[in-house]
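Structures are listed in the sections that come next.
Both complexes below contain chain A, partnered by chain B and then by chain C.
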Partner chain A sequence: MRKKLKMPSIGGKTIILNVVKYLLAIIIAVIPLIPVWSMLLWLAVQSFSGRVILGIIPSEVTFKNWRFLWSPIKMGLKEYPNIWPVTLNTLFLALGVTGLVVFVSTLGGYALSRMEFKGRMELMQFIIALHAFPSIILLIALFVILNNLGLYGKGYMTLVGIILIKAGLEIPMATWIIKGFFDAIPWDLEWAALVDGCTRWKAWRTVILPLVLPGIGAISIFSFLSGWSEFLLVFTYVEDEAYYTLPVLIYHMIGEFKFIDWGMLAALGLFFTIPTIIFFSTSQKLLLRIYVGGIKR
Partner chain B sequence: MALKISRKMLPWIFLAPMLMMIIFSWIAPVLLTVYLGFTDLSSKNFLDFIRNFFTENVHLTLENFEKIFFAKDPYVVEALTITAIYVVSVLSINAIFALVLSIAIAYFVRNEIVSMLLRVSWLIPRIMPGIIYALVWNWFIDPKYGLLNTLLKFAGVPEALLPESWLLSPPYSQILMIVVNGYVGASFGMIIYTAAIKSIPTDIINAALVDGASDFQIARHIIVPLLKWPMLFVISWQTLSLLSSYEYILMIWGSGGGGGYAGIARAAKVMVWSLYSYSKAFAAEEHLYGYASALSLILVIVGVVLIITYFKIFGFRRLMEPSRIEV
Partner chain C sequence: MVKVILDNVSKFFGKVKAVIDLNLRIGDGEFVALLGPSGCGKTTTLLMVAGIYKPTKGKILFDDKDVTKLPPRDRNVGMVFQSYALYPHMSVYDNIAFPLRLKKVPRNEIDRKVKQVAKLLRIEELLHRKPSQLSGGQQQRVALGRALVKEPDVLLLDEPLSNLDAKLRVVMRAELKRLQKELKITTIYVTHDQVEAMSMADRIAVMNAGKLQQYAPPTELYNKPANLFVAGFIGAPPMNFIEGLIKEINGEYYFDSEYFKLKLVNEIGEIIASKTSETIMGFRPENAKIILEEKPNTIQGKVYVVEPLGKDIIVNIKIGDMIVKILTRPGAELTPGQNIWLQLDMKKIHFFEKQTGKAII
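What follows is the complex of A and B.
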C-alpha cells in the first residue's frame, strides 16, 4: 500500500537514504541479537554433543549429557536429588498455581466485568495499582507470614504455602486479563439466557463460561508457565533439597558444574524449557495478546 | 426484600476469593513490612515473634532508619549509588534504544516476515524462564568456553581490555548487569512501542510520503511525537519495576559464583538496594529481618508514591491501554 503511493524518485539521495536506513536497522535490530541467537543455538547444540568448538560448533553427537534422566547426578561425594521427584515438585507447584488462579480470577473477572456494585471503579483501580506494584519486595514479610502459619520447613505444605502466595501475586493480572475476555462477550447473549429463565448462575455456567474458554486457556498457560519457572519463592522458602523445584536445582548446579560439564547443564536447561517451548509454539498469538495487554516485568 | 439483599451480595460472593487472596499476598505483607521496619527482629528473637507478634523480646525501635538515613551502615551509600547507575542506564535502554529499535523493526523493515522474525527474537529474553536466562548468560560470558570474549576480539577489541571474569571484575560486572537487564527491558519497550507504531493510521504516513518526506523525517516528525504517551508509560512503569528488581542479578551472580550471592554481588558491585535488603534478611548470619524490612519499606513507600503520581499523570484509562495512540 505504502510502496505504491511512493513517488518514483530517482537520484542518488534516495538510494543513500535507503542504504543508511537498512544499515541502521541492521546495527540496531540485528547485531544485538547475535548473543541471543548464539545462546539458543548453544543450548540446543551443546546438550547433544560432547566437545563443542566456540560453544556452537559440535564435534560429536552424544546422549551422555542427558544421563540425569536415568541416573543420579553426582559431584564428588555430593549426590544431587533425582530429577524426577524434582520435576514432580515443579509440576505440583505449577498446576497448583494454575488451578487456584483460574478459579479465583474467573469469578472475580466476571464480577468486575458484569456486575454493578459499590466501589467497582475503585476496585479496578486498585487492581491496576497492584499490577504495577513490585511484589518481590514483600518477600521478607511473606516469609514471616509463612512461618506464622506453620508452613515453613514442612515439605509439601511449604510448597502449598508457596502456591498460595504465588497465586495471590498473579491474581490481579489474571483477573484483569479475564475481565477483558468477559467484556468482549455481548451483553445480549446473557440477557437472552436470563429472559429464557436461566438463573444468573446457570447463565454463567452454560452461556458465558464456554465463550470465555480461550481466556481461561490464556490465563492457564500464563500462570502455569509462571509457576513452572518460579525461582525466588522456592529458593527463599524451601530448605530441604527433596522439595526443590527445577529452577532452584539448576541454580545450585550451575556453580558446581560450570567448570567441568556445560553439556549436562545445557541438557538440563533444555529439559526444563520444554513446556515453555511447547506453549509458545502452539499458542503464540494468545500469549502475545497477554504480553501486550497485561505487562509485568 | 430477601432477593434485594442477595442481589447486592452476589458480586461480593464472586469477588470474595479474589479479595482474600489479595489480602493474603499483598495487603498483609505490606502492613507487616511497615511494622517489621520499626522492630529489631532478627534470628535471635524470630521464633518468639512467630509465636506472638507482640512478644516483649522484639522491641520497637527507630534504629533501622537511623542506620539508613544517617549512614550508620556505610554500605547504604554504595547500594544507593549502584541502584542509581542501574536504574538510569537500563531505563535509557528501555526508553531510547527500544524506541529506535521499534521504529527500525516496525517501520523501516517493510518485509512482514523479517519484521515478525525480529520481533519474536527480541521477545526471547523476556519469555525465557529466568533461570535459563541466567544459565545461558553464564555460558556466554565464560572466559574459556563462552562466546563473548571471542566475539569482542573478532570485533577488534584488544585483548588487554577484556576482563578475566565478566562476573567479578567491577566495571565489567556492572556493564554486564546493565546489559542483561537491558535486553529484558528492551523487550518490554519493544512490545509496547511496536504495538503503538502498528496502530498509527496509515493515511498520516501516506500523506507525508506523498509530500515527499523521507522515512527518517517521518520517524522523527510523525512517529516519535505520536509515541509520547507510550514512552512516558514505559519509563514510569520501568522505573518502578527496576527499583525493586533483583531477580536476574541474584540468579546470574549467585549461580555463577557457586550459590553465595551476597558476597559475590558485593564484590562485583552489583548489589542493588532491593538485593541488599533481601540479602540482609536471608543471607546475613544474624538474619536482620527488621533492618531488611526497613530497607524494603523505603521501596514500598517510593512505589506507592510513584503509583499515585502515575494515576494523576496518565489517568486510569491510559494506564490500562499503554499502546493506544491518540492522534
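What follows is the complex of A and C.
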C-alpha cells in the first residue's frame, strides 16, 4: 500500500522538475534573441506609425513613411534620388562583389587545397595575416589607385572600382572558407573523373564544383551581404548622388538634418534589411553547414 | 585488350620511396593481383598504371606503346576505387554514362551500353537512384559498371571488396572472377587480403616496402615462396619459422635448433650446407602431425592452447620458449600442458638464409 501511494508523488515531482528544467533552458536560449527581435519589431511598428512620440512610442497607422517607394525623398529643401535607382546601385554593387568573389575564390581555393606549388604554405599564412588589418587603413591608398585607374568620379565605373576593392577585401576569407570544402572532397573522386576521361578543368567543373555548392552558397551569401551593406567605400569614393547606395542614403537621412523623420528612417531601415532576411531564410541550411567544415556524406 | 609492362618503375614522394625498381609483365587478358601489407606501394603502382601518378623513373607500356607520359584519359583504363568514388550528385545512370558522355558517344548508344552493363551487373532497377541510397555491395557494382562501360583495355581494381561484409565478399569474389574471365580484360587487382589474391588471380605479385618480392601463380607462391616475407605473408595461419644451424655429422645432415635436433634428407642437407649454415626453417601448420608417443626424428613440445575452428583445430605448441601453430583435424583430446611430439613432413619444409631471408629450398 505504501509503495502505491508513493509512486504518483514521485512521478509528479519529476514532471514538475522537467518542466522547470526545460522552461529554464528555453528562457536562457531566448534571452539573447529578445533585444534583436524587439529592435526589428520596433522597426516594423515604427514604419507604419504616423506620429512618433519622443522618437520611441508609436501612434496611428499610416503608409506615409513608405512614401519613398513611389516618390523622391525630400528632406527640407534637398531632394534625394528616387529609392529604386539607389536600390539598383546597391544590387549592382552587391552582385558584382558576389560574382567576383565566387569566381576568384573557387579557383583559388581549389588551387590552395589541391595543387602543389612553391610557397603554398606561406601564401595561406599570408591570407590569414591579411585579416589583421582593417580596410579603413587602406582608404587613402585605395583612393590614389582608383584615381590613377581613372575610376574615380566616373559614375558606374566608380561602383565597378568599389566592386574590385570590396571583392579584393573579401576574397582572402572566402578563399579560405571554400578551401575547407575542397579539402573535404576525397582525391578518389577527382581521380575517378580523370580516369573516366576528364581533363583536370573538366573534372573541376563537372565533379568537384557541384560538390562544393554549399560552400559556394555560403561565400556568396557572405559577400552579397557585405557588398549590400558596404558604407565606407561608397561614402568616400562616390560623389554623385545618382550613384549612392542604400547605406549611404540612410546615412544622409540621419546626417543632414537635426530633425529626423524617425518613421521614414524605420521604413527605410526595414526596406534595407529585406534582402538580408530573404537571403538568410532561404539559405540557412547552407550557412549552417560551413561550421561543420564541409560536405555531409 | 593489351599487355601491360612495367619497366623498372620507381615512384618517390620526396624522401619516401613508395615503389622501387618494379618490373612486371602482365599478359593480355591476365588477372594479376598486387598483394602486400598496407604501405607497400601497391596502390601507388596501380595509380601509376592509371596515369594519375607519373613514375619518378622507368616506363609503363601498354602492348608496345609507351604510355608513361599520357594522362589518364588517353589510356583507356577503367578503375574501381576502394571508396568506389561514385559521383554523389549524379544518379546511378549518370554515373555509368559519365565516361561515355565525355567520349561524346551518341545518346542512344549511351543508353544501350548503360543498360547492357546494368544488366550484366544486375543493377537495372537501381539506375534512377543516387549513390547515397545504395548499399555497399550495390555501390561496388555501380563503380564496376562505370569502369566497364567504356570497354577499357585495362581494368584496375583497388581493394574493391574491402568495404563489403564477409559474406558478400565471398560472393563478389567469385562474381568478379567470372566477369573477368568472361570479358577477358587485362586486370590488375590490388589487395592486402591473401585469400582474395589466391582465389582470384592468375598470378600474384607480392610487394613489401616498395619492392617486388615474388611474382608467380598462387600455387607456386604457396609451395615455393621466394623468401621469408612471402612465406610468412601467404597462408593462414602463417608458416612457422624456427632458427637453427645446419650441421654435418658423419656424412649426415642435421638441423640444430636450440631445443631440438632434426635429421634431414641427405640431398636437401647437402644443398643447404653448400650455401650457409645459419638458417631459418619454415613449415606450414598443415604439414606437421601431432603424435602422442615419442618416435625417432620428431620434435618434443607441450600443448599450449587449442583453438577450434569447426572443421579443423589450431593447436598451439610450445617448444622451449617458442610457440608453433599446427592445423589438424579434431581427434584425440589435447589438454594444455600435455606432452606431444611433432612429426614434420620432410618433403614440405622450407629453408631460408638467415642473413638475406632468401629461400634455399
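Criterion: the second predicted complex is superposed on the first by the 235 of 297 C-alpha atoms of A that agree within 3 Å, B and C clash if a C-alpha of one lies under 4 Å from a C-alpha of the other, contacts with A are read in each partner's own complex, and residues count from 1 in each chain.
Here is the rule we go by: contacts are C-beta pairs under 8 Å (C-beta built on N, C-alpha and C of every residue); 3 or more make two chains touch, one makes a residue touch a chain.
Computed from a predicted model, the values in this text were never measured in an experiment.
Student: I'd like to know which partner A:188 touches here: chain B for first, chain C for second, both or neither.
Tutor: Only chain C is touched by A:188; chain B is not.
Student: Quick one: classify A:196 as touching chain B (first), chain C (second), both or neither.
Tutor: A:196 contacts chain C only, not chain B.
Student: Could you look at A:45 and tell me whether it touches chain B, chain C, both or neither (first, second, both, neither)?
Tutor: Neither partner.
Student: For the overlaid complexes, name the partner, chain B or chain C, with more touching residues on chain A.
Tutor: Touching more residues of chain A than the other partner does is B.
Student: Touching A:111 in the superposition: chain B (first), chain C (second), both, neither?
Tutor: In the superposition, A:111 touches chain B alone.
Student: In the superposed arrangement, which partner chain does A:221 touch: chain B (first), chain C (second), both, or neither?
Tutor: neither
Student: Using the superposition on A, tell me which residues of chain A are in contact with chain B and, in the other complex, with chain C.
Tutor: Common interface on chain A, chain B vs chain C: 297.
Student: Taking the touch rule as given, give the residues of chain A at its contact with chain C in the complex, in rising order.
Tutor: Contacts found on chain A: 186, 188-189, 191-199, 202, 207, 210-211, 297.
Student: With touch defined as at the start, can you tell me which chain C residues reach chain A in the complex?
Tutor: Counting only chain C, the residues touching chain A are 47, 50-52, 71-73, 77-79, 81-83, 85, 87-89, 98-99, 102-103, 132, 146, 150, 156.
Student: Flag every residue of chain B that touches chain A in the complex, lowest number first.
Tutor: Touching chain A from chain B are residues 8, 10-12, 14-15, 17-19, 21-22, 24-26, 28-30, 32-33, 36, 46, 49-50, 53, 97, 100-101, 104-105, 108-110, 118, 120-132, 134-140, 142, 145-148, 150-151, 183-185, 188, 191-192, 195, 202, 205-206, 209-210, 212, 214-216, 237-238, 240-247, 250-251, 254-259, 274, 277-278, 281-282, 289, 292-293, 296, 299-300, 303-304, 307, 310-311, 316, 319-320, 322-323.
Student: Of all residues in chain A, which touch chain B in the complex?
Tutor: It is residues 1-3, 5-7, 14, 17, 21-22, 24-25, 28-30, 32-40, 42-43, 46, 54-56, 100, 103-105, 107-108, 110-112, 115-117, 120, 123-125, 128-130, 132-145, 147-148, 164-165, 167-169, 171-172, 175, 200, 225, 228-229, 231-232, 236, 246-247, 250-252, 254-256, 258, 262, 265-266, 269, 272-273, 276, 280, 284, 287, 291-292, 295-297 of chain A that touch chain B.
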